[in-house]
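Each of the two complexes below includes chain A, the first together with chain B, the second together with chain C.
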Partner chain A sequence: MQIYINGLGNVSPQNTLDNSSFLEEIKYHQDYFKVVEPNYKEFISPAAARRMGKVIKMGVAAANYCLRDAKVENPDAIITGTGMGCLEDTENFLCNILNNKEQFLTPTSFIQSTHNTVGAQIALLLTCNNYNFTYVHRDLSFESAFVDSILLLKEGEASNVLLGGVDEITPNHYSIHAKKGLWKTGAQTSEFFNKNSDGTIPGEGATFFSLSSSPKDPYATVLAVEMLFNTNSKEDLKKVLDRILSSNNIQSKDIDLILLGANGDKEGDRVYSEFKENFFKENNSAAFKNLCGEYSTSSAFGVWLASQILKKKEIPTCVSVSRTPDKEVNKILLYNHYCGNHSLILLSSC
Partner chain B sequence: MEDLVNQLKVQIIKALKLEDVKPEDINPTAPLFGDGLGLDSIDALELIVLLEKEYGLRVENAASAKKIFSSIKSMADYIAEHKKA
Partner chain C sequence: MSKKVVITGLGVISSIGNNVQENYNSLTSLRPGIGHIQNLDTVHKNIIPVSEVKLSDKDLGQMAGFDMNRPVTRTTLLGIIAAREAYLAAGLDKVAKLRTGFISATSVGGMGKTEMLYQRYLDPADKGDFMKFLETHDCGESTERIAEALGIKDFMTTISTACSSSANSIMLGARMIKAGMIDRVVAGGVDSLTVFTINGFNTLMILDKEHCRPFDDSRQGLNLGEGAGYIVIESEEAAKAGNRPILAEVGGYANTNDAYHQTASSPDGQGAFLAMKKALEVAGLTAEEIDYINVHGTGTPNNDLSEGTAMTRLFGNQVPKFSSTKSYTGHTLGACGGIEAVYSTLSIMNKTIFPNLNFKAKMKELDLAPETSLLSGVDIKSVLSNSFGFGGNNSALVFKKI
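The block that comes next holds the complex of A and B.
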């Protein structure tokens, strides 16, 4: 059975919600990547929106746009991945506890602070009582949700699935992790790949996909989603790669573009260089996090970018490729890693 | 009393994030729940906390809560009466 990506919805630090345009201009940000927020009133009534934190509104808008794009009214399942959940509401709740000396705790921030709020709000607004699950597996949250979506479709328990990856960043989150030395502090996002500074630049986004076992003007076909936990073994990575290639009856030279999650951090990017050198030395490659920043579910942005490239048959100029492709891009392998957790996602044109 | 009603309107708009509502849009005698402002059970909890935090008043039982939170005017009456005591 083939799995198709029939619809996309992406609220990101770039102008990505309108699928008719494709990264025509790149937006730069100070300190960290912040999403370009759409007019939420197009997607959510003011009465429903008043209690929603930013990440919930981002998620609901992206999910709605995605369903419209795929012409799906009510999905058979809503599966969401998030590494950090609703940070803004969690912070509000914790700050209220501190500021009010554990008195006068209001319910809204508490209710909205749980990680599954985005998936739940999408379902509430759609009146969707179907399967609804949120994966919170740090940097493999989106990939875990992706695997569950594929299993549901392959087992015939759903004919279409709304899959999403959502994470937000807040000033507090930024400053706390800055103290740990994770970021290129005070940087412009245009300095993302500045090798003279340590750390990366964080970001945020809400990216949704309508997956189905039936193609409807699809963007791409999903050939493989694989994860490796807590390993830096080249042999482990090779085993998974071999499995992906052999199960799809292809060789490494058949992959037209390797999309890497390089994030500008010297130490982390060494892993990507070795991956390229060891397994795909001759293949064309590009990076995507210079457009969205580093966050737990940023691979969802990478899948969005790959899907658009495969359907539109073009690589936007803001995506730097190692060399100009000499043939049409039909197969893209996305490789992402963070702290020993790796994911590999193979997509093909339809 | 009018000052208290206006103050309550501003506090309620802020606490319940009624971004598209202005104080002058709210009829002080209109119901807070169902019709009128159309508030729900989560808003009721927010209003209970607002009364305690801003005016030091606790709502002791559900029966009195229904009466107190029927409108902004009834909330203001309750505050005026119990703050005096």
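The block that comes next holds the complex of A and C.
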């Protein structure tokens, strides 16, 4: 069975909602990447929007854009991945508990702090009674949701799935993790790949895909989604890569672009250079997190970018490739890793 | 896709026992674990009853064999204890060749530590050793630590769909085995009590100040609990080839969304109805073939009425015997689907229905009464186990006698 990406919806730190332009100009941010927020009124009543954490609004908007793009009214399943969940609501409720010594609390932010709130709100607004899962497995949350989506389509339990990756950043999250030295603090996001500083620059986003077993003006087909857990062994990676290539009957040279999750952190980026050096020395490569920042589900942004490149047959100038492609880009392999967890996603043009 | 998925190991820790045998003993001696808060520092101590595991983190660390110099949460420790019990019971430590996965679930993950340290995290000047706990906050962290303790690397993931979380991890595991993606899975979930959740449910005014009374007309709400429950599932062929004891079959499963309200269940129980109906279909069973329902039965006015309505819609006036074991364990949130999967399997294995404690009178709206005394010698061929959560996330599992 072929799996097609028929629709996209991406609320990100770039102008990614308008499908008529494709990353024509790059937006820079101070300290960390913040999403360009759409007009939520279209999807959520102003009263409800005022009470909602940002990630819920981002998710609902991106999901709606995606369904509209794919011309799907009510999806057969809604599967979401989020590494950190509804941070803003969680922080609000936690701070209220701590500051008011457990007194005078109201339930709204608690209700919305649950990790499945985004998926639940999408279902609620669509009155969608179908399968609804939320994965929360660190930097493999989106990939877990992706694997389940494919399984559901292959089981024949769904003919289309709304798949998404959502994570938000908050000032508290930024400053707490800055103490741990994770960020290039006080930087402009234009300095993302500045190798003279340690750490990365965090970001956020809500990226949705309409997957289907039948093509409808599709962006791409999904050839493989694989995860590796708690390993830094080159052999383990090679085994999975070999499996991906052989099951799709292709060789490494057939992959036109390797899209790397490099995030500007010296230590972490060494893994990407080694990956390229070990397995795809001759292939063209590019990175994408200078557009969205580092966050648990940032690979969803990478899949969005790959899908757009495959359909529009163009690589935007803000995506710096290792060399100008000498032929059409038909196959893209996305490689992402964080702390011993790795993911490999192979997409092809249709 | 006709592969049978069978259960070969059980593991549980809850307020009524630190392992399967202790839980079974409490269930059959009608001994609930609900009482005053001991382990948490909260203003609600002595006011709001909870269902705590009666061991300190230090004791749990010892029991889990965890190096307590490393950053760790109560969630992880509870999870290791229950998941390891299931893993060893199935003899998985002795078979190396099969592809093994770990699918866990939790609603708040490492919140128990975060809420203790959050103000220190926020203070830019406070930079002690405590900062190492920052990485234990997210829901996936406990999964990684538990998988590491069991030596599982082939597959792992974490599901968080509020109170149906761990039923969903069993459902995913069964589907992956049927699809041939993995040979065996340790599936279930864990949650520890936190000040965060106690205050959250308290603001919703759905915590009973007395022992909870599921399905009783006088019910006022739920009691929060903590614990972990995991089952080992594998294909029937793999279990037989490995001579592992087959305890029961995961016959059916379904997940639906009520799509009614973020926290309240619909009056007609639509999501619950669809989940139960679909689970029966997957199991290839008619409604009459269900011998017992381990209901979600939290004890909130809303849940029990909605769930009872859905049961009446599906079973008509032939509603099978049912009970809520949350009257023993409290509502363990992300762990309850796993814990109740263990109890449902124990029911089948021991031909026993555990009673619904504290029930006196039927709710006015429905002609439904749970089992109130221990029933033994009941030939239970099929059990339906319900788990419903915030966000309208409803799941039902069917366990069958083999």
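Methods note: the second predicted complex is superposed on the first by the 347 of 350 C-alpha atoms of A that agree within 3 Å, B and C clash if a C-alpha of one lies under 4 Å from a C-alpha of the other, contacts with A are read in each partner's own complex, and residues count from 1 in each chain.
We adopt the following convention: a contact is a pair of C-beta atoms (placed from the backbone, for glycine too) under 8 Å apart; a residue touches a chain by one contact, two chains touch by 3 or more.
Predicted model only: the values in this text are computed from it and were never measured.
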item	value
First, second, both or neither for A:P46, with chain B first and chain C second	first
Which superposed partner A:S252 touches (first chain B, second chain C, both, neither)	neither
Partner chain in contact with A:R138 - chain B first, chain C second, else both or neither	second
If touched residues of chain A are counted for chain B and for chain C, the larger one	C
Partner chain in contact with A:I111 - chain B first, chain C second, else both or neither	both
First (chain B), second (chain C), both or neither touched by A:S197	neither
First, second, both or neither for A:N15, with chain B first and chain C second	neither
Interface residues of chain A shared between complexes with chain B and chain C	103, 105-107, 111
Residues of chain B that touch chain A when the two form their complex	15-20, 38, 42, 45-46, 49, 52-53
Chain C-touching residues of chain A, taken from the complex the two chains share	78, 83-85, 93-95, 97-98, 101-103, 105-107, 110-117, 119-121, 123-124, 126-138, 140-141, 144, 147-148, 151, 154-155, 172, 175-177, 179-180, 227, 229-231, 296
In the complex with chain A, residue positions of chain C that touch it	1, 42-44, 106-107, 109, 114-115, 118-119, 121-122, 124, 127, 131, 134, 138-141, 143-144, 147-148, 153-162, 168, 172, 175-176, 179, 181, 195-196, 199-200, 202-204, 255-263, 270-271, 274, 389-393
Interfacial residue positions of chain A with respect to chain B in the complex	46-47, 50-51, 100, 103-108, 111
